[in-house]
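Consider the two complexes below, in which chain A is the common component and chain B and chain C are the respective partners.
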Partner chain A sequence: MPKVHINGKEIEVAEGTRLIDAFLQNQEEIAHYCYHPGLSVAGVCRLCMVEIEGNPRPQIACNTIVQDGMKVTNKSESIKESVKWVLDFHLINHPLDCPICDQAGECELQEQYMKFGQYDPEMGERKVKKRKVVDLGSKIVLDTERCILCSRCVRFTDEVTKTKELGIFNRGDHAEIGTFEDKPLNNNYAVNTVDICPVGALTSKDFRFKQRVWYLQDKETICPGCSTGCSVKAYYNEKGYFRLKPAFNEDNNGYWMCDEGRALYRHANKEERLLQAQVKADDGSSHMAPGAATKKLAAEIQGLDKQKVAVVVTGQYTNEEYDQLISEWLKPAAIQQVYHWKNKEDEWGDFDGLLLRRDRNPNSKGLQDRLQKASLVNDWSQLEKNLEAGQVDCLVVIGPEIQAYYDDMQDKLKLFQKAKKVIWLSSNPVENLVADYHIPMKTYLEKDGTFVNYSGKEQKIQKMQNIVSQALSLSDFAYLIAGKEIPLTGAAS
Partner chain B sequence: MSIVKRGNLKNSWYLPAILSGLGITFKNMILNLFGKRKMLTLNYPEEKYEYSPRFKGSHVLTVKKDGSIRCTACMLCATNCPADCITIIASEHDDPSVEKYPIAYEIDTLRCVYCGFCEEACPVDAIRMGPEWQMPGINGANFVHDIRQLAKRPNLKGGVVSVLDEEERHKAGI
Partner chain C sequence: MAVQYLTEHYDDKDFVSLKGYKAKGGYKDLEKAFKLKPKEIIEMVKASGLRGRGGAGFPTGVKWSFLPDNGEERFLLCNADEGEPGTFKDRLMMEKAPHQLIEGMLISAFAINSKKSYIYIRGEYEYVAVILEKALKEAYDAGLLGKNILGSGFDHDMDVYRGAGAYICGEETGMISSLEGLKGQPKLKPPFPAIKGYLGKPTIVNNVETLAAVKYVIRDGVDAFRKYGTEKSAGTKLFSVSGDVQKPGNYEVPLGYPLKDLIEKECGGLLPGRKLKAVIPGGSSAPVLNAEEAYRATMDYECLAEMGSMLGSGAVIIIDDSNCMVDLLHVILHFYHHESCGQCTPCREGTGWIEKLSRKIVSGSGRLQDIDLLDKVAQNMKGRTICALSDAAALPTISFVAKFRDEFEFFVREGRSKVKGNIYAQSAH
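Coming up: the complex of A and B.
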């Protein structure tokens, strides 16, 4: 393996490594706009200049492959000088409207010019004005003036989605990014271009102007949108959750995620949540604290014939929760009628070729494994038969957290209505639901746990901040319904 | 705190001190009667003191030449505010050259410490602290000032125009 000296440090890197990666792997700072590890090399921004011993002129690190014995630096005066002037070229026509730019705070251009103090271009000419606030469909807004023509977005649509919507039009300082006749950029991976755009030229309509990025914290978790289970970062503050972005995961989603998955923070915010348990009483429905409601329910179903209690589970909860449900409640209470609600199972194999899978549950596999191990696998038709025959006195539905993906929801609601008593567990209100108990649950952003993705890979989700702190996790529910107290320590989240 | 009593004779007599105090009072009374202009006391509230324009009193949101609000809703003032008393809700503007503007801008004047950091942070001279200093209100009055109050209160006579004009900058090609 070749050895290189980077800023005086000798390191060993793999054969064929790009010089820029050698820098980044060693936490050496190197400014770069056009290079992105998930895309091909363009070498157009000229910012990643380095000095290689023996070469008379500075060279770009992104398009240079490491050779054994190379001595490279980007700390010399001449490199600093050239980076400064390259930056000046980038700023010739850049509007520098950071106050209204949504990228401010996470903008690489802003970082660099702050470092080099290039607040104003050193050019006598007037700036070339270009189009601002160009509407590129329902997801993205383009500002051609702020674009530094790094071509990352163009390469993304060429190489990753292969939809080829974006291109660079015109020449010279009139060159600008755009789609042909401003056609919308609406493919299901389009917002990734917003993430990789190093400046604020592409901004997301969903996030625009909602929050300044420096008010947000982020934590890594797993997207609950489908069985791929992309690694994502959720951004939040005390006002709620604001966006999801992909997090690098080498052997799953790489650098990307789909746009449908990006919306999966909204259902966790307070406006959309079920805040209190709804309990049907003789005189209409009343509100109760979720824990108290579950305790009341536990007392009510204690005397029921366990053969007539059925439980419907969806694959949207964590392994830990299923384990507790089985070991704390189903097994001790000898409940045998457990059914896995699979929405459109015959299409579960469908895959869009990039990331998105038709099985819109993050943990179908985990649930299946656990039901199998506990020998609680029952055929769905059995439930239908029992319901028709009026054999179900109490039906507990551990409903989907992301209801939008269950397009058979309304049909199933009608079916479930045939049970004498319906208990529904979900984090959000359900349209047209008539339940005796509707108990609010925690969302995936409010608990720790494990999802198993389509390939059997176990991935951890993380608790960030509670939005509805009284909501129960499935483990909490299992303890309470079994007549026990929630343990203060241990697996319960 | 302890009170130290000095036991000397001069201090145990209170009359000399009272007399010298009354002397000062009478001297000033005579001076004020005959030299009214030099008088330090104001008959507040009929007479009010005018502070210099640099005084850090009530906030003013400046306006553009067309009278619309200058603020771009960049949130720098809210970020810099040590009392965390500025609330801004940003929104998309119809005019692409404006792009972003505040649909709500509120300062909780009871929490404000009048430090002037907001004024200092603003990149476009959109918020200033003016010489006004009287903001009385009776019980239950609203001390959370909104855009209308900050930009268009009667005292401002139609609004203070910001020194930084975006259109002029555009015309100059910056």
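Coming up: the complex of A and C.
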């Protein structure tokens, strides 16, 4: 493997490594805008200048492949001066409207100016005027004055989605990013361009002006939107969750995620949630605390014939929750009638070629494995038969967290109605649901655990903050329905 | 003394047709070339010392030898974009002797084993493109293009491709992008076109004059070709002389010819009562020479490089004492600002910035520090970009400010031109 000296440090890198990656992998600072490891090299921002011993001219690190014995520095005075000037060139026509720019706080212009710039600007001429607030489609707004023409977004639509909606129009300092006529940027991966935009040129309609980014914290988790299980970061504060962004995961989603997945923070916020358990009473329905409602339910079903208790499970809960469900309730209570609700199973193999899979459950595999191990695999038609025959006294539906993906929801509601008693578990209200008990559950952002993705890879989700503090995890429910107390620490999350 | 080597038969009106061209021995050198091995031709071109006539002056044979020996299809592109302000020699060559170019290209294509070539001609040369297209048809009809040319077993197809007038499409990789149907923007190097060029295949891009000159290397042999020129600048060169001389035009002289003679003998000297102030010796991107330097200069690659300028495309712009250097620089910068492709930040932003600074000075509202800033910005645009357009704007700026600083300072102090007075306040570009 080639060895390279970077600013005096000897570093070994893999064959064919780009010099800029050798810098970044070894925590050596190097200014850059246009380079993105998930895209081809454009070499246009001209910031990643380095001096290579034996080469009279400064070179850009992004278009240089490391060769054994190379001695490279970007700490010489002339390189530092070059970088300052190139930064200045980036900023002379930039509007510097940080106070009203949504990117402020996570803007590469701000960050790299503080690291590599800090010069006294000498530009006193009038700036080039360009289009502002350009609507690129249903999701993205463009400000061409802020754009530094790094071309990352254009390369993304050319190379990753291959949809080619974006182009650079015009030339010189009048050049602008834009879409072609009648071809808005609406593909299902479009918002990735907002993430990779180093400045405030592309902003997401969903997120812009909602929060200043410095009021947000973030944690990494797994997107629950399909069986791919992309690594994502959720951004939140005490007011709730505000956005999801992809987190780099080399073996799974790389640098990207789909736009459908990005919406999966909204259902976790308070205004969308089921806050209290709804319990059917003679005079309509009453609200109860979730725990108390479950305890009441436990008492009610204790006497029932276990052959007539059926449980429907969806693949949207964690392995740990399924384990507790089985070991704390189903097994001890000898409940055999367990059914895996698979929406459109015959299409589960469908894949959009990039990330999105038709199996819209993050943990179908984890659930299947556990039901199999516990010998609880039953044919769905059996449930239908039992329901038709009036053989189900109590049906517990561990419903999907992301209901929108279950397009058979209304049909299933009608089917389930045939049980004498319907218990529904979900984090959000369900349209047209008539249930004896509707128990509010935690969302994936409120618990720790693991999902198994389509390829069998087990990945961790983590708790960020509770929105509905009384909501139950499936583990909590398992303890309570089995007539036990929720352990204070340990597996229950 | 001016020579008529490449331009020998340019006065003959029939030379433009295949018949007229053949009457003067045309295509005999192609037959000669077919009797040689391609490698021998490359070695001859190397030994002849022929250097690229388009601007960079890179040794042609050496460029050819960069082609990888991997069996891939190869392309030959003739750069007839001729966009460098002040240059009009390729136009003359194509207009007067299209078959000379075609023959030179065929010999070159045979040498580098290319089966397809394009002549990329600037869109403004529409009537020249028509001449070329007619000549190509004649050549096809006579079996000089197509399959098994002159029974040699060598196949070659040639096409004319018209550009749309962007300066940047004269840069070889910008031309390749344009030919590929993309926006005319230079490509990142490496890889160089000889390795990965047109459609990702090995490609050689040569100027019109270079390709035409190849014919003469074959016709006369290395030693005879080297009879003209200097050790490092072999052969003759066409210079497009424009500006304040009695007889502007294209002149073929041996390389190493004194600039003073070119002005005074060939071009009939300056206009009456005028004094030489400056010369831009190689197209508007070449650093300017002052009168003293100009009178010492010889027109070859090495002398002009030593003086900090360059031979470039051979566009010699003569500037006498009636011109305002501040205004001239502004015109040059307006051009480069307009033509910057906008890929690389220093060029995209820098060309605009220095044009604004020069406009400010020309319109009478400049400050003394703007003169230093012009120089500073230009210094930092230099050598930082994918192609040489940034340098093309920076180098004149640096040399104009260094050599004619008094005119810039006068303009700033007095708010008017030292030479032309107060005529710019309204008419600034």
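Here is the rule we use: the second predicted complex is superposed on the first by the 482 of 493 C-alpha atoms of A that agree within 3 Å, B and C clash if a C-alpha of one lies under 4 Å from a C-alpha of the other, contacts with A are read in each partner's own complex, and residues count from 1 in each chain.
Here is the rule we go by: a residue touches a chain if its C-beta (ideal position, glycine included) is under 8 Å from a C-beta of that chain, and two chains touch if they have at least 3 such contacts.
Note that the structure is a prediction, hence the values are computed from the model and not measured.
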**Prompt:** Superposed on chain A, are chain B and chain C clashing or fitting side by side?
**Reply:** fit
**Message:** Which partner chains sit in contact with A:46 here, chain B, chain C, both or neither? Use first/second/both/neither.
**Reply:** second
**Asked** Between chain B (first) and chain C (second), which, if any, makes contact with A:132: first, second, both or neither?
**Response** first
**Message:** Using C-alpha centres only, what angle sits at chain A with arms pointing to chain B and chain C? Round to the nearest 10 degrees.
**Reply:** 90
**Message:** On the A-aligned overlay, A:100 touches which partner chain: chain B = first, chain C = second, or both, or neither?
**Reply:** first
**Request:** Check whether A:212 is in contact with chain B, with chain C, with both or with neither, and answer first, second, both or neither.
**Result:** first
**Prompt:** Which partner does A:244 reach: the first (chain B), the second (chain C), both, or neither?
**Reply:** neither
**Request:** Figure out whether A:83 sits in contact with chain B (first) or chain C (second), or with both, or with neither.
**Result:** neither
**Asked** Which touches a greater number of chain A residues, chain B or chain C?
**Response** C
**Fill in**
Across the superposed arrangement, the tightest C-alpha approach of chain B to chain C, in Å, is 12
**Fill in**
The shared contact residues of chain A with chain B and chain C are 125-126
**Complete:** Residue positions on chain B within touch of chain A in the complex are 72-76, 79, 90-92, 96-97, 99-100, 123-124, 170, 172-174
**Request:** Spell out the part of chain C that touches chain A in their complex, as residue ranges.
**Result:** 166, 168, 183, 188, 190, 337-346, 348-353, 356-357, 360, 373, 376, 380, 383-386
**Asked** Contact residues on chain A for chain B in the complex?
**Response** 97-100, 104, 120, 125-127, 129, 131-133, 208-210, 212, 214-215
**Message:** Considering only the defined contacts, which chain A positions touch chain C in the complex?
**Reply:** 41-47, 49, 57-58, 63, 82, 85-86, 89-90, 92-93, 122-123, 125-126, 128, 148-149, 168, 170-175
